[in-house]
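Presented sequentially are two complexes of chain A, the first with chain B as partner and the second with chain C.
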Partner chain A sequence: MNAHALMASSPATPAPTGFAPSVGAGVAGEALRVENLRVELASGADIIDHIHFSLAPGEILGLVGESGSGKTTLATALLAHARRGAQIAGGRIDIAGASLLELKGDALRRARGGLIGYVAQDPAMALNPALRIGNLLRETLLAHEPLLARAAQADRLQQTLVDVGLPGDREFLRRFPHQLSGGQQQRVMLALAFVLRPRLIVLDEPTTALDVGTQAHILQTLRRLCKEQGVAAVYVSHDLAVIKDLVDRVMVMYAGRIVEVAQRERLFARPAHPYTLGLLAAIPDVARQRPLQAIAGHAPAPGQRPQGCAFAPRCARRSAACTSLEPSLNALDSAQQVACLHPQLTAVAAPTVVPATMLSCADTPLLSLRDLNLSYDRQVLFDLSLDLYKGECLAVVGESGSGKTSLARTLAGLGDTAQAELTFDGQPLSLLARQRPAATRHRIQYIFQNPYRALNPRQTVAQCLQAPLEHFFGLKGAACRARIDAALARVALPPDAAHKYPHHLSGGERQRVAIARALVCEPSVLICDEVTSALDVSVQAAILALLKQLQGEGMTLLFVTHDLGVVRAIADRVVVVREGRIVEQGPAQDVLDHPQAAYTQGLLAHSPRLG
Partner chain B sequence: MFSASVWREPQIRRGGLVTLAIVLLALLGPWLAPHAATDMVGGVYGPPSGEAPLGHDFLGHDVVSRLLSGGVSILWMSLAAAAIALVLGTALGLLAGLSRQRLDQAITWLADVWLAFPDLILVLLIVSMLGRAPWLIVMTVAIAFTPGVIRLARGSAVAVASQEFVEAAQMMGFSRTRILLREILPNVLTPLLVHFGNMLTWGVGMLSGLSFLGYGVAPPAADWGLMINENQAGLLVQPWAVLAPALLIGVFAYGTNILAEGIARHSAGERK
Partner chain C sequence: MPEPCATSHRLPAWLPWFIGRLGYGLLTAWVISLVVFIATQALPSDPARVILGPDAPLESIQTLREQLGLNRPILLQYLSWLGQVLHGDLGISLDSNQPVAGIILARFGNTLALLGGVLLVVVPLALSIGVSLALRRDSRLDRWALSALIFLKATPGFLLAIGLVLLFSMPQFSLLPAVSILDPDKHLWQQLEFLLLPILALSLSSLPYLARLVRASMIEALESDYVSAARLRGVPEWRIVWRHTLPNALVPAVQGVALTLRTLIGGALLAEVIFSYPGIGTQLNTAIQMRDLPLIQGVVLVITLGVVAINLLADLLTVLLTPRLRTARRVTLIQRNRRGIQSWWRRPAAKAP
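Moving on, here comes the complex of A and B:
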């Protein structure tokens, strides 16, 4: 579809006013042109550098990279903004003929919003809770177009709300943000961006907090709006699978540089940069089980880039030249550019499918839960029963609010108001951890979702692991020390990690410490509550591999997740939970390949997939 | 808890040096003083001279000697009061923050009622009823400070107690005391230390206020607060007898405040 023609014919696109095109403005017909952009810290170390790219009206670019790759820095730089302690040190950004970095004061303020819209990650934080939806939109509109007549204003608001898939009636305009669902809130954010008819929209992982169904709908809406209105978009994400059906082109960033840019189909069929290959191999695929490959090592911090290619230390294809020459972005052909001395030039072989191993379960369950009812201010779990067999990995799947976390917490002994019958190893077990005998308490361990909150920031890793060892086994001194070293080795952390505080560790390393804390208790059951959802995909792959390895050593796992790809990668059996009730359960292969419940079918249909 | 990097924080260095200087002055002062604090060595409100750089006070004492001797009492009293309030308030506040039930309501209610009394009035009331022994004054100032500490400790503890590492400890079956001391206390210490610095400052202010009103250290003993009170009549004739102790109190307040702020900054940066 020709986006230019669309844009010209669209009555909604106003003529740009108030922006005199400056000398050397971008090529006509481009919505965005970025040249040699550089953002650096006060120390002079670059966060991003040598950034060149351009976007046509209506084109959607996926900006992909892991934490620390500089993708968010680039996204905010497109609004001429740098976070505290950083500054835009050089380069040029042209948006619809205006040179953004030369604008100051009022002109810059009008450009933000007017020319470039921004949609933040968490709508619940981004929407002012004290303002009604109507006021939010009206204020935004009036700040940029104060001369708009009242009737035209109302029309524009209503049209925009309908465009983003929200009811445009008066009743809806009177609501407050907290009265909307997460998906509706994110649609309001889209409306706030689109109401000003910008030329470019920057979206920073706007769907990470949403359920898969909601996410799929929002992405559809976004693509339709960009195409209809000729608005270019930069969509920031850490997950290639999520953006697969949304974007036209993908730009992969690593350590502050663009390492690969390609048309969407090309990138997924024939990734050329080893880092892109690694990212793709790390994403669990809901369609088929395959071994997940983590990317070993860390991305370098700003100012610590190695000589030559920044990815070389983690790269399997590196040669001697890679450590001395920094590769520049070269076009392989019109559809693909890559910054690598040894790009992959042929399509990658389809990943080997792992044959499903049928687990030989013991007949009697290790942990058995009957008729769990749980209420807070309302009832969240209804007559829920499940069995966990020794040595298996049982996945509990559901959307936010399904009660899956409450279920996991109850098993771990944190469900204060729960009522149920629980047996463990044939013996009745209390629902409250403090009433369980120490001899059983240590055998059921829990790993939390957010590794940033699960570790005491004032304790070193050694202190954190030592406490349960003293508590459960009365170990002190050298014996304790030996167990700590063994546990760290088991989760693949170096021994010197013992003396570090959590803030010295990355997210993946923190989650490993949390797992080590559970392991020193010598558990039989590990309850994992969304343990990888706060982590990058390559780190997630490593953590999943670690859990799989523990299972191989005889551990029983209960894995709570919303991600069916992760279920495919790790689970033997699945329980699907919806609104506090089990809607389907069975062997993972069966449920994922032949879902029976309509709800499971819906979840599967909306799950982002690579294939 | 803090590494050697604390000294890289300029505010900690500056605040620490200023505070240390005043404390040393107060501690070593009595030995350095040219005269005893109660010796009448000159004329009433005698002007500054080579022998007495800051002149003489309302009874003809040497102002420099009284300054050097009059710091110990006010500093130890404010330090003791702030320390007692810190320990008492932290214990009650943490208990309230972790229990979140009836005990919490009771402690919070008590602290709120207590806070409703103006500090100085409360202290004046107690001292005028029970007498002016130094330990009694310290206790009353500490009691006036305690509800503020309770509120702060409780608020910080509530925020920490909802974090998952506290739940992890509960799940392991650690005792409540252990959770309070090992999991929660280290994470609320920073705001409490900053508050401690502020209390030192307020304590010096409140104690000099008490002396000024005639309820503090009894004359003829030397005390910075008392000196301001004694010599106010001669402010226009011999201002140094009033200004010098006021200045020292001000500098001490500045030092502890900057130090407290530096600790807060350092600890915020440490966790980034």
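Moving on, here comes the complex of A and C:
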């Protein structure tokens, strides 16, 4: 791998080795060089600042950070674009010798797409629903190379489609975006970027909306294309595990600054910045079970950055100097730079592997489902049976469209058209929540995937928690208040959170409120539908720890997820669902270590892992 | 990966959907005809007395009632009326003794000409104003134009119409006729000058709504991910406006135009009263005043059919303009999407902000 490190303080060292920079690269074999880039809000507060880095042709850089770290702002700034309300306030971006920020009008338009390609996060939103795939590709090509002959144009389209792994026939080109699968849509986005043969491609979390199998294939295609064509890439992600097999170097951002840049192997083996350490400790790993550690506190918003190191308030290693002096990015050696006064200089000890506690399964299940069939337009669940034992955490795993959420909703009593036999605590139970007796209804509670949409924006947290208390237990006034405080304490929220509205809370806090809303009902079973998939990894770790703690207090959990790492972290037993049928089930360890079904083996093989 | 794929040989799913909608539309028209028939029967008046006048002796009224068939059971009356309607015979006007169908045909033709004119003026105007304001969003021009549109919207329609008359048809400066007294012997196309002021007045009063609708949906489309992705791909700005944004912004505009037409078809009273334009609205008004039952029934039926037709056309256009609906393989997919104007790409993003 090429070892080149660039920063403000040290002179540029062009890539000595590596991927033959045979393509006519710019100055000193660099595809991209960013100096002192700053993007600020209209108020003058900086979103990102002091950004220096460079890329060699064919090099893939992983840009990692949590929401609010400025990684997306940096990604779009590389195309000289800032979102509404923000502007690029200074700095320099050189791409293949052209100074991007000095380009105007038509020259800038030609640079976008021609020199730098962009692949957006959600292909379903980034493809125009009214335009056919072929027209999109042709339009993009003609916008940059209007003189290309018709035959050459067709050749280029065919070649690009083959490159990204799409069929190139006429029928395919006549399709609209909604007639493609998510993976194909993202391949179309890749084709739209690669058809112009750019020098640099910026990818903003291009696989978060995709299943693990599709994600693995897209990442493979991307790496092959970048290496073959000598295209440099900046891959933005919030998840270190995803980029582990893709990138050559990793750049970690926090609060609008680069806090660490390192060669991939180095970063995973010897992370130097405490924030990188924290991120790595928070990511659940498919390969082994270990206690997940959340990073306490929040990242500061633009304009509220504390003096000194922005990470200091959350840092366990901080000293007095940290709160007064903002550390600059310094090289530890040729493979690693870090912006920290007290970097971790030795390899981190391997995390303790917790032996999974084998639950002695009670003889009779708490909740038992037999022969569940469910159809909407078509049938989504087929003769599905499962048992949920008291005090266990059962994970339901599957890709999107497998029917796992439908299964969870049916257990919660929300599946209108379901047919099944359900017993709860030895008694038959209706499949419709409104037909269940109040005495059992409150014992099964549901937590939704997206905490941003699961809370009524017009209700304070207290009002939100009060409604179920009044409904189920007829509690009012002080008694109600006491229960609310207890529930908030149980989910580790301060008591004054009760008077806040959801928009005052962060994503993690909202999900805690949603959990508290379920807890005030005094449930015996909590059904969690992908409750962490909308959250940052460090927040996810905290929520998982909370759920684990609740389980320790006797709660039974049904945890729906697509993430096998999360399964390893929390589940006792696993049910793998595919196309509405159970393909495999058993203790979590057995299934994850020795999967029997080919489908489970595939899922495991494609799951990003740290180890 | 199993791929959804649109085969061109199969009948598109929107065809059965459209036939279903057509059936529903006709059903609606039938139900309304029933309601109108019953309602007109409940009116506290006797057509026979209306014809013969208040001083007529009771025997002649009885005789006329028998001649008109008014003493038959109401169901029979309705069935015979319906049978006539299906043969295109709407009955004879009590007031003028002319066939209702003939009266309505002339008046409805005038109303349709008015609507057509309004459509020709308002749609291009609203599109160009909406698009250009959306492109200059939050600029000074945008703010002033928005204020002007709201001012126009707040001005009562009759004031606009009188203002137009004052502008264009004063004795010393008479460009256009202030009153649209059509010559019944001449074809409408030979006296278009009478149409101009009514069209202008109606267009001005419906322009603010449509222009603001187009502006809003253009802004929404311009802020979508697919437009920023196209920009970051270096697609020229004019192509972004005309090829990427406008087709997606048209759907709400189609529904808005349909809404405007629906209100105008029965109630272009503004123009009909102020300019004495012989449209179908004033006809209905006079018919009700005269208790001219066959005419009331006929006019309401025609207006109902017009509204049903406008709805159908708007929905069909929406489906044809939305590739996802046009290429849908199952009717249920269209039905689910057609609930409200909310389009599938306007759903909130799956990921949290």
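Note that in this section the second predicted complex is superposed on the first by the 584 of 611 C-alpha atoms of A that agree within 3 Å, B and C clash if a C-alpha of one lies under 4 Å from a C-alpha of the other, contacts with A are read in each partner's own complex, and residues count from 1 in each chain.
What we mean here is this: a contact is a pair of C-beta atoms (placed from the backbone, for glycine too) under 8 Å apart; a residue touches a chain by one contact, two chains touch by 3 or more.
Just so it is clear, the structure is predicted and the values come from calculations on it, not from any experiment.
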item: Which of chain B and chain C A:438 touches, first, second, both or neither; value: first
item: Which superposed partner A:479 touches (first chain B, second chain C, both, neither); value: neither
item: Touching partner for A:413 - first (chain B), second (chain C), both, neither; value: first
item: Comparing the two partners chain B and chain C, which touches a greater set of residues in chain A; value: C
item: Contacts of A:453 with chain B and chain C, given as first, second, both or neither; value: both
item: Which superposed partner A:178 touches (first chain B, second chain C, both, neither); value: second
item: Shared chain A contacts, counted only where both chain B and chain C touch the same residue; value: 450, 453
item: Chain A residues within the chain B interface of the complex; value: 412-414, 433-434, 436, 438, 441-442, 445-446, 448-450, 453-459, 467-468, 471-472, 503, 517, 521
item: Sites on chain A touched by chain C in the complex; value: 76, 79, 81, 84, 109-114, 117-118, 120-122, 125-131, 139-140, 143-144, 171, 175-176, 178-181, 183-184, 189, 192-193, 196, 208-209, 377, 450-453, 507, 534
item: Chain B to chain A touching residues, read off their complex; value: 1, 163-165, 167-174, 182-183, 186-187, 270-272
item: Chain A partner contacts - residues on chain C that touch it in the complex; value: 1, 3-6, 223-237, 239, 243-244, 247-248, 321-324, 327, 330, 332-333, 344-345, 348-353
